[in-house]
Amino acid sequence: MARTQKKPELQNAGTKASRDDKSKTTRSKTSAAKMAQPSAVAQDDTVFVALSLPEPTLNETMQAYFDKCMEKLGFVPNVLKAYAFDMKKLEAFAAMYNDLMLGPSGLSKLEREMIAVAVSSHNRCYYCLVAHGSAVRQISGDPALGELMVMNYRAARLSKRQRAMLDFAVKMTNEPWAIEDHDRDNLRRAGFSDRDIWDIAAIAGFYNMSNRVATATDMRPNSVYHAMAR
Amino acid sequence: MARTQKKPELQNAGTKASRDDKSKTTRSKTSAAKMAQPSAVAQDDTVFVALSLPEPTLNETMQAYFDKCMEKLGFVPNVLKAYAFDMKKLEAFAAMYNDLMLGPSGLSKLEREMIAVAVSSHNRCYYCLVAHGSAVRQISGDPALGELMVMNYRAARLSKRQRAMLDFAVKMTNEPWAIEDHDRDNLRRAGFSDRDIWDIAAIAGFYNMSNRVATATDMRPNSVYHAMAR
Amino acid sequence: MARTQKKPELQNAGTKASRDDKSKTTRSKTSAAKMAQPSAVAQDDTVFVALSLPEPTLNETMQAYFDKCMEKLGFVPNVLKAYAFDMKKLEAFAAMYNDLMLGPSGLSKLEREMIAVAVSSHNRCYYCLVAHGSAVRQISGDPALGELMVMNYRAARLSKRQRAMLDFAVKMTNEPWAIEDHDRDNLRRAGFSDRDIWDIAAIAGFYNMSNRVATATDMRPNSVYHAMAR
Amino acid sequence: MARTQKKPELQNAGTKASRDDKSKTTRSKTSAAKMAQPSAVAQDDTVFVALSLPEPTLNETMQAYFDKCMEKLGFVPNVLKAYAFDMKKLEAFAAMYNDLMLGPSGLSKLEREMIAVAVSSHNRCYYCLVAHGSAVRQISGDPALGELMVMNYRAARLSKRQRAMLDFAVKMTNEPWAIEDHDRDNLRRAGFSDRDIWDIAAIAGFYNMSNRVATATDMRPNSVYHAMAR
Amino acid sequence: MARTQKKPELQNAGTKASRDDKSKTTRSKTSAAKMAQPSAVAQDDTVFVALSLPEPTLNETMQAYFDKCMEKLGFVPNVLKAYAFDMKKLEAFAAMYNDLMLGPSGLSKLEREMIAVAVSSHNRCYYCLVAHGSAVRQISGDPALGELMVMNYRAARLSKRQRAMLDFAVKMTNEPWAIEDHDRDNLRRAGFSDRDIWDIAAIAGFYNMSNRVATATDMRPNSVYHAMAR
Amino acid sequence: MARTQKKPELQNAGTKASRDDKSKTTRSKTSAAKMAQPSAVAQDDTVFVALSLPEPTLNETMQAYFDKCMEKLGFVPNVLKAYAFDMKKLEAFAAMYNDLMLGPSGLSKLEREMIAVAVSSHNRCYYCLVAHGSAVRQISGDPALGELMVMNYRAARLSKRQRAMLDFAVKMTNEPWAIEDHDRDNLRRAGFSDRDIWDIAAIAGFYNMSNRVATATDMRPNSVYHAMAR
């Protein structure tokens, strides 16, 4: 990633007020001719956190990580750019994320993304619903499955295994104090190993963190997600 | 609408079990070759209510109404097919819906659809989120605005007027007993007339009804909505 | 209905403030001698919606409907007067109400009113609890049954059928997103047909609309309901 | 009170099942000829707690208290009969009740009953809503005021003082952990002394206890309350 | 208790502001040398209610009661000092408290204190959690059991009997309207008599009162509780 | 850490049932003579997760980390032992934890621990309340401050800064979807920089993850925490 050119994309702003001013110039460049009114998310690619954070200086490892994102996805997810003001925070976040979502596990990648979206739906997290809703659409090859996870996973016709998995993840989200042995036993009966149960708990826990960091900082998803895998 | 050909589309089923059996034959006809696994919503166009209801016999007015849907939309929304087992119910529903969403009002059609989706998001109604999320995308010409209404309207950058309108609609939905004079005054301060306030209340009320009829009967949206106006 | 005489009864007011001013003159005419302080609902028959709405002009059908109300009940329910500023809205509301509450159904009229009150109790809707609580008292011939529905239907000694019906209606009201096949199966086991389930859903849905229109507009019930069928 | 004659009135039963058996004989004596179906509360005067508790033996003071109830009210409230299985419990309850509701206070007796009903409405306590709803009707001379307290006190047109009092009592009931200095200051600004605030807190607290003892034991109000002061 | 000397300890203050002023002098006397910053609860022994209440004048019985507290505990619990502005209120509270927590019952004293803490945890009542958490530690001889009751009783490894008891008490606290026959039957199956069920209900009810009186008046526990039985 | 000796401490168990069996032998060795009944947390040091997870094999870095824990604390926190079945997970968790709680920040270490406990109190997480409640007691030198954070932070007499910080952290926890610009502005007005706001969000987010991983796996805190810094 050539940081010099990318600077505008890494820009944050303290308040919506200042964002709105800034967006006036931005809009004139980006809005398509066909649309009198710019999209509701026109600014999301340039102002993706409602906080004025230090200018990022990526270290070598993280520069390589961002380069790989560009190569594979064509863009760097805004959540990574948001964490990029501090290399320790970015590295810890990336390490945990990559282990949970891409590392070895008894859960398929689709199942992990389904947990991400069902939890984010309960917490109504705009960033995570857009980014991971897109992932569910892409991995499953089924756009409607992404919508079902975003809207109400209970309306989806799921296997017993997937339903038990999401019920546990959402109960953990909604009333963590009430999880007990019988909840874990439900997962075992649905075919999950104890090691799998750890992964369900860890992934559902992770999005309960990410959802809150995202909403607390008004993090905005890259606008490109919206049209992906429709 | 030629009912003879449409019969399969108007078919209901009492339980998911019977639905699943039925869908086996259905799938073989509709599933695209490219997709090994059928879409999560493959059956939604044929089995759209989890109740065994009487075979519909449209009267002249309602036949004309369905024909107009076919002509304008290319399909009859499943909610209308669901109500079609009884002409009195279908006519009353259609009359109320058309007056509220298409009749004269100080609220724009987009604003009415935004209320529909924000209320349905609170109630997590799959049918209404799919159908009216599509309408917001289409009318606004802004796909992301539809997603914002589905996911968390508070994350959208709205005008003061639209924000006040949705705050009122969602408070009505969440704790109707707590609406008081100061809530109505907020709307007046945001520029709404008393007549407009009635419309906001009536539309938000209507989706609190429809959301519940839809979830109580497991109503499924026409699959065509998912890809519209993306 | 002779509108000229009825005008005061159809009067609305934008705010409680203006209502209070108005009521001073009203009270001097209506308050009984025996009572120094006027009733908490003294104004409810003249100012029944907290919105300034257009002057009603009933069309022939609706005039006939209001006349029939006067003849049968001795008064026109305030909800109808509230909707009377627009004939399309009044007609659609009346059509839906009459079909659901008075049309053919596997549910008795008492059962339909019990649903109305149990739902309105959850939503704490003053208008609907007064009007339909009175209907439960009247139809059942048992004043205490009306109170039980208003206060806590779980405290009533109900048949298994009626209890299942109200549990479904209240769950639909409280967490519609969580209704699933087993909830519908509970109703089937309690003896309801699929057609009956539609009616339970439609009636519970209708009061979730009406409760919200009523509280959002501060609709007030005709004071005559309070003493009926005690 | 002559206990021998009263025994049936003091009778408890362990389960609804046994209550239902018993009621068959009871009904044949008490149900009025005009009514094919007995009232939903026909048994409430004989079986008023869903627990098998020891046979009461009133001591002299409590006998005098019950006699005074008979003389003044014409009946002994079922809550007192329920506590009568143990003189210590009955005496402590009666002492606290009489001090709070009838003792010296800056709050009028009507205001104290209004708190009782607004709290009981939040907790949906059938016993307390029936008994104290009747008290509000009687003391205020305004039947509709009783209904407003039962249904939704926010719909009543109250003085600033009474509204502040009920808002505090209901917030205490709903989220006691969130009461802070500014809540007490609201009461001071509405004209209440610190001594009055204690009384509001103590009365609201008391009904949060009574509501729960009543619902936990399925306590039933004397049927005579229903028709009082209508 | 020699009231003359005790006066400062019985002092109340209307607002935190005045309390803060007062505490400046108090602190200089009580704060230990080792601690630069005074404890967060330094004032709790002198200003224990956020209300200006009348100066207490104990009658003979209550003076004897306070003397006994001093003799047995070494201090008078602040809740008693708070009620001491009115002998009728203090006597009624003490009578009910002593009967419930110390009188004859099928529940052990530890079980009664466990109910007190589990209920107070749900209501997040600082006073009751400190005072009764200490009692659980002391009676059980197990400091960690006190913490478990304060933090989440579901995490404790309890007998079936104790778990059923606390589940009932907390359900009564959280949604009293939903307690029904099957909840009482659960207690019977866990070995409780109907007389025991009354006691569980009465104790859980009592702390639902006390929690609210304490939080509504910002009652502060004696600081000595914190270190007891650790 | 010498793993051979430590093995028993790293043991997990799949179910409470198996744990209970195991504990019988454990108890006979550990229970002090003075106590007939073993502590409610007697097993927490040996069986600290309700899942059967793979045997840990620490890599060099993590071995050094565990050794440092032993040296500094005298024990390895059970949460680290729980994560130790997989080095990637342990390293990512430790990196994030150490950065957030011990790294450079505008928040003091006490403030970070206060957030940890206030969030864990909302989520009623036994593990985190015990471990971080102990940290608040230790860092502040004020045992009562730890209790206040565990029980109800609103009852603590906090500076405006600390109160704003905890209000934000708890709102993020309770209704993350409702955090908006004015919430961030409250923090700015209380003196926090945008960089500080990130840290508040990240720490509150982190405990919303940890609380859920801990309750979902029934993680048990080292018993030594209970008596620390009292």
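General observations
Going by the order they are written in, the chains are A, B, C, D, E and F; count residues from 1 in each one.
Here is the rule we use: a residue touches a chain if its C-beta (ideal position, glycine included) is under 8 Å from a C-beta of that chain, and two chains touch if they have at least 3 such contacts.
The model shown is predicted, which means the values in this text are computed figures rather than measured ones.
Interface equivalence for E-F, evaluated over A-B, D-E or A-C, points to A-B, where over half of the contact pairs coincide by residue number. Between A-E and A-F, more C-beta contact pairs join the chains of A-F.
Centres computed as Cα averages put chain B at a distance of 45 Å from chain D.
Taking the mean of the C-alpha atoms as each chain's centre, chain A and chain D sit 53 Å apart. Each chain gets a centre from the mean of its Cα atoms; for chain B and chain C, those two points are 25 Å apart.
Shared interface positions of chain C, defined as residues touching 2 or more other chains, are 16, 124-125, 152, 177, 180, 215, 218. Under the stated contact rule, the graph of chain-to-chain touches falls outside the line, ring, star and complete shapes. Contacting chain pairs in the structure are A-B, A-C, A-E, A-F, B-C, B-D, B-F, C-D, C-E, D-E, D-F, E-F.
Those residues of chain A whose C-beta lies close enough to touch chain B in the complex are 16, 20, 34-35, 37, 39-41, 43, 121, 124-126, 129-130, 140-145, 147-148, 150-152, 155-157, 215, 218, 223, 226-227, 230. Chain A contributes residues 152, 154 to its touches with chain C in the complex. Chain contact summary for the complex, chain E toward chain D: residues 14-16, 50-54, 85, 88-89, 91-93, 95-96, 99, 103, 123-125, 168, 172-173, 176-177, 179-181, 184-185, 194-195, 197-198, 200-202, 204-206, 208-213, 215-218. Contact residues of chain B toward chain D in the complex are 177-178, 180.
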